[in-house]
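Next come two complexes built around chain A: one with chain B, the other with chain C.
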Partner chain A sequence: MRPFEFIKPDSEASAIELLGKLSPNVRILAGGTDYLVDLKHTADVPKTVMDISRLPELKGIDEVDDGLRIGAGVTHTEIMQNPLIKKYAPAMIHAAHTIGAVQTRNLGTIGGNLVTCVPSMDSGPTLVALDAEVNIVGKDGTRRISLTDLFVGPRKTSLKSNELLTEIIIPKRSLGKPANFYKFGLRKGQALALVNAASSLWIKGGCFKDLRISIGAVAPVVIRCLKAEKYLEGKKIDEKLVKEAGNIAVTEAKPIDDFRASQSYRNDLIAVLVTRTINAAIDLADKD
Partner chain B sequence: MADNREITIKVNGKDMTTYVETRLSLGDVLREHFHLTGTHLGCEHGVCGACTVVVDGEPIRSCLMLGVQAHGKEVTTVEGLSKGEDLHPIQEAFWKNHGLQCGYCTPGFLTTLFSFLENNSDPTEREIREAISGNICRCTGYQNIVNAALDAAKVMKGS
Partner chain C sequence: MKNGVGQPVTRKEDPKFLMGRGRYVDDIDLPDLAYGFVLRSIHANAKIRSINTSEAKALPGVIGILTGDDYVSDGLGVIHAEINPNLLKGEAIQYPHAALVREYVKCVGAPVAFVVAETQSIAKDAAEIIEIDYEILESATDLSKVRSGNTPIVWEGMKSNVSFTYGMGDAEKVAAAFSDSAHIVKSTVVNNRITTNAMEPRCSIGIFEPGEEKFTLYSSNQRPNNARQAIANEIFEISEAQLRVISPDVGGGFGMKGSFYGEDVLVLWAARKYSRPIKWNSERSESFVTDSHARDVISDCEMSFDADGKVTGLRVHADYNIGAYVAPGGSISPMWFTLLLSGVYRIPAVEVVTRCHFTNTISTAPYRGAGRPESAFILERLMDMASNQLNIDPIEIRRKNLITSDEMPYQTALMFSYDSGEFIEIMDEAVKEANWSEFEERKKESESKGKLRGIGLACYLEGAAPFNERMEIRFDSGGTVTVVAGTHSHGQGHETIYSQMVSDFLGVPYESVHLVQGDTDKVPMGRGTVGSRSITVGGSALRLASDEVIEKGKKIAGHLLEVSPEDIEFNNGTFSVAGTDKSIDITEIAKRSHTPVMWPGELGMGLEGVGVFQSGPGNFPNGCQIAEVEVDAETGKVTLENMVIVGDVGTVINPLLLGGQIHGGLTQGIGQALFEDVVYEKNGGQLLSASFQDYTMPRADDLPFYDITSHPVPTKQNPLGVKGAGETGTVGAPPAVLNAVINALQSKGVTDIEMPATPEKIWLALRKAA
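Then we have the complex of A and B:
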């Protein structure tokens, strides 16, 4: 690893100020489970690395007026153990559990998983399916965007170099919404997703309401399957229709062909995973 | 430009201070500055688990934390498990069950299981396999390691 200057601000405010002053010659280090690996392999080391892993403002999971606030610096282990997540968004616990192994989940953060923005990120689909939003702070203040607007491309987000993602908000309307996440990798432990998927839904009068379907690892970024959602929205629950929604979702993805799996295998997986996550969410939902 | 810092880490119960380059991993600091060579660096990119140490009660990969990030924290390495010549029950169980061959991965398994068994006094075999899913052994396979963990759990529960 090449040398760099290391700074560790003690508050969010001073981190933002330093970012403003030093960008674009500064990079942010949180859990380090992705970024330190990058730093070891690249010649393109920034002048300064700013450690935000101990900023108190980025910690904590709290109920707020407009939903559930998850600090960007919360680790995957903390998500798995949190009673509010268990109560309001248990699918996130399952998603966090599929990330890396215990040693990486103890370090890696949910904010880091999102801003690293690899297409196979396992935090993405569930949060997208729950209409999550993120708070981004820069020197001109805070802006709130939908999580899907954060994702631009592989390892590319809409964050500016002087901005920090500070919080993830699950809106009130999604709290307790029946949802399911499913990851398919080549092994049980420490595998990248070939495909991952999450669905959430309400059932009203026996029909789908506010259905959300999100898939990862099969497009440049985690995506919502808008056509598949539209196909089912308002229709009566029916296994055949769910299966067809899985097929429609395939048309919305652009999976790659690589050494882990062929494109056609990934396409088959999309249909299966979308179908399974919808059916699992139906099982969780109140049926009146 | 090299950037150096003085750091103090409580390692195995003892405050240790050194002056390190900021780019050095915690694993390298433990081995090269504190001469605690029980921590083994394997893949050095967060996959093999050989370098696992316990930081503030949680097992982490010492190749994925900078030494400067560990400033002010408490670290337990494999050297901190035994009491002098008395092996920790997990070490004893690895020995009795032949839970190792070449031994390269062993410090990582021991520290991972140390942390796991401290918090789970009566684990199932499945839970143990899950707990060590971030540690790779290329010699023994995992059967004897799992047997050792089950044995150690019994001993630790009784003590």
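Then we have the complex of A and C:
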């Protein structure tokens, strides 16, 4: 690892200012569980590494006017232990629990997970299925975008090098929405998802309403399965239809074929996981 | 007796390790320490056209850079393996290799240059700017292709890739048995390639004292005395007195650290060259491409049966992948494999041919089990296949063929004669423990949840306790005891178990026993720890050393109590005059034995004893394991629901430590069966499974609680009745688990699956069968 300058601002404002000044020769470090691994191997060592792990503004999980706010600096462990998450988005707890091992979850942040933007990120599908949005702050102010618009490609987001992801917002309409996350890896812990998936839904009059299906590790970024959603939306709950939605989801993905898993296996897993997450969400839903 | 033999004593060494006070090689810091980094081949097979180190040498902080040419010009010797002449068929070809290669790299990870610098990162940075011009050649990494002769030749000039061939048994007798048989079960059995991943990666420090002309090597090694012998005699051609090898705390070895490695040579050589102590520390990613790998055997097997389901003959033609360079321990697994192919069964005629092939992969060498898991896997897969083909229940077909306890001692058709064992009783106990009779109900329950369920068993045996061993017991003038052990504990807990034994044998307090090991200047001779040998061979030597202490103690007691030594009795730490109340404690004897003047010369100086035990044919730990699995047919995922082991490791000295050995062994066996696989790129020869992301070792939450029962049948081969315990878990687990998985898939038409039985393989097998 080549030498670099290390800075640790103590407020969001000074972090933004420093970013503005130092960009593009600066990189952000949160928990470091992704970035330090990279830094050890890359030839592209930045001039400055800015540690944001202590910024108070990036911490905390709160109920706000437009929903639930999760600071980008919140760790996976904090998510697992948070009562508001438990109340409003318990599928996130399950997703967080599948990430790495205890040590990784103690350090790794939700912001870091989203910004690293690997297709297999485990916090992505649930958040997408809950229509999450993100706040991004730069020297020109704050912008709010949908989470899916943050994802551009493998390890590529729409963040500019002078911008900070500050918070994730789960909109009010999604709070308490029945949802389920499923990760399929080669062992229980410390495993990369071969496929992961999340679904959320309401049931109104025995029919699917606001169904969201999101899958990861099978396309350049975490995606929403719009066709599968559309296929079920408004239809009566029916096992066969759910199964068909799983098959439709397969057509929306483009999994790779490598020694970890073949494309056809990944495709089959998509169908199985989508079906299972929808069925699990149905089980959670009030069926009035 | 508290803390005595047979007690579940907790480990003496645990507080140290749990509180981070262990002292591993990397914990050792020395004044003036410099760091070495090995630049390795990134190609599986290539000719080195040129190496340019000039820019790297100029980097500030670089002390020197060594290459294969320097190695030759400095006249250092090469690394090779010993091939067992009794098993060898035809000639053996090795390409003994230097600690740095020259001209060719023959596998990814082959050591090309050794960079020595003030810090490890400088050494790495320098390595990055060494220019090597490679001419890339075609490579051969896949054993299934290599055995069919469809690959390039690894070493130019050879006619085939076969390095050596081991053979045993009687081909004619087998042919005769086959022609008379009612059934023949045939299969090609694949034992996949795996790697150890000891918790502590390998690490070495070399020191050279120019005044004394003496080297010191700190190395994470299981057999320091063996390393000294080999490195002194074969590499540096110095007397063994000029090399001290110290293996301090070692974080797991499993056979992978059973021999020395090139890096041990490099740090010593560089220490002498640059007059600095040199440390080399493997990173985890480096360990994947430099620690020896293991297994990787494909065998064409045929087993013949009579009309009654009794085995009449076995033919195994096996191909082992030994890698590009024969490791010092490279011939050991093929040897045990060849010798143990009769297993627990009465097989009148056996023929084994084991061909060992060069490939463009990392060397293979022993890993927990070393040949024993490979042979047990074949026998137990064949038994299950026969059960299907002959339509005999898997338990019953084994019962027909297991050697009975009345037949002991049993001479196999290969080399070994088993002294003891109750194979059928053990199987029956395991079947009961696993509640086999109610399996169908559990299966129905799984099916009601949409899952498949399977149960499988494996009866197995292994050969343990090679070589002789020497142990020494010394009392100091304060009366405390030091055991100087030729064995080497690197996780096993010898300090605890030897303390238990000495405390039991000599009646001294458990707490007052200390262990010295792992330093060739302190342990004059010893064979280290491999092959489940320490408590059997080392422990027996300790018994003999204790007997010598008692004999000496009797002489001293006779002198002090003024009677003839013949009148002295020894019991639980006290020497007493028979029929009187005159007695003296062993601690007191020890103190008095150090009297400096006015002490009879014939009583020697101090109280000590040396025991040497010759293990002869060794012993044969055995057992039965039963695995039960549930399979998610949609994803192919296997959940191991239950794992039963009933094992015979002879007399149990410490059930807690035995449990630890069985747990670890089972987990490594299950790892191979379900999770772990070393994968090379089919054409380019790159190692693909080169980190824990893809080399999926199991974690605790992937495994059930194990149901472990001891069924001791003490061996007559040693005074303690102990059989080896280190490897039995690993030997039986792969076939038990695989048999269970295949049993679960049987109703869907799947009859075989290769290890590891990963979700995708199962998914694919189910689809193919449908």
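Operating definition for what follows: the second predicted complex is superposed on the first by the 288 of 288 C-alpha atoms of A that agree within 3 Å, B and C clash if a C-alpha of one lies under 4 Å from a C-alpha of the other, contacts with A are read in each partner's own complex, and residues count from 1 in each chain.
In this section, a contact is a pair of C-beta atoms (placed from the backbone, for glycine too) under 8 Å apart; a residue touches a chain by one contact, two chains touch by 3 or more.
All values reported here derive from a predicted model rather than from experimental measurement.
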item: Simultaneous placement of chain C and chain B on chain A, clash or fit; value: clash
item: Chain A residues touched - chain C or chain B, whichever exceeds; value: B
item: Which superposed partner A:Phe184 touches (first chain B, second chain C, both, neither); value: second
item: Touched partner set for A:Val37, first chain B, second chain C, both or neither; value: first
item: Contacts of A:Val272 with chain B and chain C, given as first, second, both or neither; value: second
item: First (chain B), second (chain C), both or neither touched by A:Phe259; value: second
item: Which superposed partner A:Ser53 touches (first chain B, second chain C, both, neither); value: first
item: Segment of chain B intruding into chain C (one of 9-17, 45-53, 63-71 or 99-107); value: 99-107
item: Chain A positions touched by chain B in one structure and by chain C in the second; value: 1-2, 188-190
item: Chain C partner contacts - residues on chain A that touch it in the complex; value: 1-2, 184, 186-192, 259-262, 265, 268-269, 272
item: Chain A residues touching chain B - in the complex, by the definition given at the top; value: 1-6, 8, 29, 32-33, 36-37, 39-41, 49, 51, 53, 77, 100-104, 106-107, 188-190
item: Residue numbers on chain B that touch chain A, as the complex places them; value: 1-3, 5, 21-23, 25, 44-47, 49, 52, 58-61, 63-66, 68-69, 112, 116, 131, 133-135
item: Sites on chain C touched by chain A in the complex; value: 121, 125, 634-635, 637, 675, 679, 681, 688-689, 692-694, 696, 698-699, 701-702, 758-760, 763-764
